Amino acid sequence: MKLFECMGKDLFRSQGIPVPDGEVITQAAQAAGVLERIPAAVLKSQVLSGKRGKAGGIKFPRDAAEAVAQAGELLGQELQGYQVEKILVEEKLTIQHEYYLAITVENSMRCPLILASAAGGMDIEEVPEEMIVRRPVDPVLGVSEYVGREIAWRMGLSGEPSKQFAALLPGLYRLFMELDAELVEINPLVWTGEKLVAADAKVTVDDEALYRHPDLPRVEEKTALEQKAQAIGLSFVELDGDIAIMANGAGITMATLDIIQHYGGRPANFLDAGGGANVEQTAQALELLLATNPRVIFINIFGGITRCDDVATAFSQVKKTRGIPVPVVIRLVGTNEARGVEILRETGIEAYRSMSEAAAKAVELAQKA
Amino acid sequence: MAIYIDENTQVLVQGITGRQGSFHTGQMLAYGTRIVAGVAPGRRGQTVEGVPVYDTVAEACSRYRVDASVIFIPAAGAKDAVLEALEAGVGVVVCVTEHVPLHDEMLMVAAARRKGAVLIGPNTFGVVSSGKCKIGIPPNQVFVPGPVGVVSRSGTLSYEIVANLLAAGIGTTTVVGMGGDRIAGRNFIEVLQDFENDPETKAVVMIGEIGGTAEEQAAEYIRHHLTKPVVAYIAGKSAPPGKRMGHAGAIIERGRGTFAGKVQALQAAGVQVAGLPLEVPELIKEVI
Amino acid sequence: MKLFECMGKDLFRSQGIPVPDGEVITQAAQAAGVLERIPAAVLKSQVLSGKRGKAGGIKFPRDAAEAVAQAGELLGQELQGYQVEKILVEEKLTIQHEYYLAITVENSMRCPLILASAAGGMDIEEVPEEMIVRRPVDPVLGVSEYVGREIAWRMGLSGEPSKQFAALLPGLYRLFMELDAELVEINPLVWTGEKLVAADAKVTVDDEALYRHPDLPRVEEKTALEQKAQAIGLSFVELDGDIAIMANGAGITMATLDIIQHYGGRPANFLDAGGGANVEQTAQALELLLATNPRVIFINIFGGITRCDDVATAFSQVKKTRGIPVPVVIRLVGTNEARGVEILRETGIEAYRSMSEAAAKAVELAQKA
Amino acid sequence: MAIYIDENTQVLVQGITGRQGSFHTGQMLAYGTRIVAGVAPGRRGQTVEGVPVYDTVAEACSRYRVDASVIFIPAAGAKDAVLEALEAGVGVVVCVTEHVPLHDEMLMVAAARRKGAVLIGPNTFGVVSSGKCKIGIPPNQVFVPGPVGVVSRSGTLSYEIVANLLAAGIGTTTVVGMGGDRIAGRNFIEVLQDFENDPETKAVVMIGEIGGTAEEQAAEYIRHHLTKPVVAYIAGKSAPPGKRMGHAGAIIERGRGTFAGKVQALQAAGVQVAGLPLEVPELIKEVI
């Protein structure tokens, strides 16, 4: 779960990491009050997109009147698919230098990894590799100030910036650990000439660990349909094609999408019905597929724990109770295959044994529809 | 030979009294797995499919030689269960549980390293040494002995490919579910190394997917260290960036983890990459 | 620093460890109010002594009137050297079984050690070794519930007590770690038939780490003179003999006490003036010695970093400014020895080179005095 | 030969610009110790007694081969300094600092183990390989080469006894300050083991004190593993229970750590225990 910048900054503040003075507003008129206190301010749209600056989501008002006007423009505006509902009005920093600092998880070493660069302010992917300091963290040793001093040295810092960098890093690591974060990122980390200040805050919390953080406000990035799928425990992603797809297992569902594309089709979704889904869960999954208004439905089942007869029964039920208005192609092999094929035949559908043939057929039907 | 587990492996089931635990205990026994005990706190004295249940791994290990443990415990308790097995000295720990928090996984891996144990998963279908021992949840019928080792990030896709191999008359030594999360107790490189050292394994099938750089790093490893032929299949060619495709690890972020990047890296390392799952058996036939 | 039981129980409560319902009172009359809420109560004197029960510091009043009377007796009373200033009035527990549980530091393994026994309620030293479960903690793995289940099994627990034991242990470990504790001990840990409850709480915090716990109330166990010594950075312990002793270094100071005893003398104190003490610190140390009203003063200096001339100068100053009314024996060797011996000679004192000879002389003078 | 350090050891001083750090840098140089660099954050570019100062151990280690580091940093920063040296790959870390919190010490020890490094202290006077290298704070004059290894929990008492040995014409191989706290990076058993493996050391003097069970455990170790003769002196015979005698470790608690218990254990292991510091040389003469 990604957090809004203003939430990330609140968390930074709680760990003693310096952030600019600022306030969150939800109505344009509130900007005037903040500008009274902070005359040199910047308005930052609180959306989850990483490129909001380039998209016009950040404004630099000259005075309170302009701040109110600009806030009015921003609020309610759509920014790269996200509605602006909140603006962070904060102190404009004097920028002498911009650094980059993040903590993430290194998948192959399987430990926290600190990333830092003297070239901040741009996306880290655009920074040349030799400008990036990568420092894995030994979980026994953790991160105390010397780690910050070492990284600062490798970044080419010395004196006061080095000292302040070393002082703030342990707090960022503590936050990363306590929050079950996948990523905490400060970009840019601004040197004002006097202070290192986190000018932005990007925090992503591990979705699987959210239950351990009941007090953390929830930020929703999923579509309505994706949320519905999540509520019933299915892994579902909306795509922009016209062939609705369901399979059992994340890998085989991806492979099913790929094979549809291979034959020239366009998947409408990713839907992993999981291993061992029963009749009712399968029926719910079918409802989700229908909600994407596809031209064709393609179901690809390799029955292991999942029983082919359960899938066929669910299909038959949904067909009878609410009707299925589009062509359906089903590939069905594995546990209780014969019984499943029989049930499908009774609903008028001939199951395929080969994944490739079935996919080719689904694409053909979609192109005809 | 095979890797990690064989016909002599004595297995413990943690969470044996749950729905998944009890069902798969039956399935594993049916495959021929030597399950000696189960653990479920507060259920000491019960039996599941004839297997005696204890409150703690420590007690089970005091009564039986336990070589491997498989964990069917909900995500919130998975870390606890893995550490319990590791501290009791179990050498191979298979964590089937999905939705395990990432930080718990880092701790599990650190603990397994400290104990010198093999951790498989989490979010894995398990590991099967064909014809000898199955630990985990895959269907029994497709695992028939043969010369190919398989390592994979996903379950059903592996069964599909293993079934394709079998249909072509090719059996498997060991099939390893690396797990679909961002981090895995045993990753591609480590499993490839283990297959390299297994005399029975003549070739390896590697089933990857988008997200992360595990496949790219494996490619680098293969190029320098592997003498055995490798055939790969990578799922997720059609997945858009920024979307998590079911598995926690299956997401293209910040330009990393793309299908094209992985295929390129593997091909540069001399790995044959199948375009469709169906092509894997043909490519394997070419190399063995 | 040892904490009072009531402080330990507050900390237990903060970690979700069950403790009896209770209140702290400082005046006898307050007992009546507590008894209204908790009719079956026990009065527990809040002193740091471990044997307060046997010494009469715990009372079981039948009613509110008796509680007030007993509280009146206890408050102000001296209990094994400690003045009773507070009483914890708490719920009397139904005791079905008493267990023992503690976490301490294992010096040789150099890690936390959990100690547990099914034989609680008595001092752990009196419990037979085979009844004690010892479980070292791997700092990487920490303590989560399975550790508690494992220990419970080794203690012979099962069912509900085992479950509750496993649930409370991680909280006790967290407390041990967060508090920089040397010891956290629950003795007895009472099984009431329904709940495991910490009937007592013994918590010792590492003195060296107190600066990290500014919010923790301070409990003073030192004598006034010992506190004064601590304030000036000296390591000082009052003893009951008549030969005041000062040396430089903890080991050699202990050895000096031993050698005094070896010759039949009785040390009045332990005073380690430290390595590298200067003139002023040495003078302050001498003032402390005089404050014990000794019959003889014995100073044993092996000058390494400590300079013999500094010690001699300090002695000479104190002698001139306030006078030293008792005989002084000084052994002085090492850095700047010649100059030190010369300065002492000017004050009328002949320094010894041998520690043994000097000690024998000090004892002889004390016996004559 | 000697243990831990010798004439080739290149030494780093952490906290070199402080009062203690700079004074003892001069003293160590005067003894002949090869100090190559110092560290003091924010003081990069300065020199102390001719020794160049850097901001970080990492930078110093990038410029010089550093075999050992000695830490003169106040207690609140000692853990940080030890971990910094260990993570930079320094093999011998001597922590002179006193008043280090116990939990920090546990972490230091765990870290040193993880890195396979030798940690001496904290609260130690240091370590001296006589005539070759002195790391720490003891006075220079008493450390003269000879056949006796010394390991001790206390500083000045060690100098006293080493001086007594010298007065009797007996020099030392290495004198190790174990440290006076409850836990020590290198404890009696480990140092005894190292002396056992040092061909130059013919006998060992062990200087213990009341508190804890380090001496009892050392006795057990000596009985089973040591072939070289050991002479011991134990301080604190006259100390009352429950009182901390200067050192954090020097306290008799719950009936453990008494003088009598230690002497008995040592004697049972065949160790000669001196009644007074002065008797140590005579006992050593009897065994070498």
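Read from first to last, the chains carry the letters A, B, C and D; within each, the first residue is number 1.
Convention: a contact is a pair of C-beta atoms (placed from the backbone, for glycine too) under 8 Å apart; a residue touches a chain by one contact, two chains touch by 3 or more.
Source: prediction; values computed, not measured.
Visitor: Could you see whether A-C or A-D has the larger number of C-beta contact pairs?
Guide: A-D
Visitor: What whole-Å value do you get for the distance between subunit B and subunit D if each is reduced to the mean of its CA atoms?
Guide: 49
Visitor: How many angstrom lie between the centres of subunit A and subunit C, each centre taken as the mean Cα position?
Guide: Chain centroid spacing, subunit A to subunit C, equals 54 Å.
Visitor: Can you compute the centre-to-centre distance for subunit A and subunit D, using the mean CA position of each chain? Integer Å is fine.
Guide: Here subunit A and subunit D have centroids separated by 54 Å.
Visitor: For subunit C and subunit D, what's the span in angstrom between their mean Cα positions?
Guide: Each chain's C-alpha centroid was found; their separation is 27 Å.
Visitor: Check each residue of subunit C and list the ones that touch at least two other chains.
Guide: 139-140 - these are the residues of subunit C that touch more than one other chain.
Visitor: Two or more other chains touching the same residue: where does that happen in subunit D?
Guide: 107, 110
Visitor: Chain contact topology under the given definition, line, ring, star, complete or other?
Guide: Contact map by chain: other.
Visitor: How do the chains pair up in terms of touching? List each pair.
Guide: Every touching chain pair, ordered by label, is A-B, A-C, A-D, B-C, C-D.
Visitor: Using the touch definition from the top, list the residues of subunit A that touch subunit C in their complex.
Guide: It is residues 139-140 of subunit A that touch subunit C.
Visitor: Spell out the part of subunit B that touches subunit C in their complex, as residue ranges.
Guide: Going by the criterion above, the answer is residues 41-42, 44, 55-59, 77, 79-81, 83-84, 86-88, 107, 110-111, 114.
Visitor: Across the complex, what residues on subunit D touch subunit C?
Guide: Against subunit C, the touching part of subunit D is residues 75-76, 99-107, 109-110, 125, 137-139, 152-160, 163, 180, 182-184, 187, 189, 207, 209-210, 212-214, 217, 233, 235-240, 243-250, 254-256, 275-278.
Visitor: How about subunit C: which of its residues touch subunit B in the complex?
Guide: Subunit C residues touching subunit B: 138, 140-141, 144-147, 149-150, 153-154, 158-159, 162-163, 166.
Visitor: Any idea which subunit C residues touch subunit D in the complex?
Guide: Residues in contact with subunit D: 105, 107-108, 110-112, 123-125, 139-140, 177, 180, 182, 206-209, 211-212, 235, 237, 239, 247-255, 257-262, 267, 270, 272, 275, 302-305, 333-335, 354-356.
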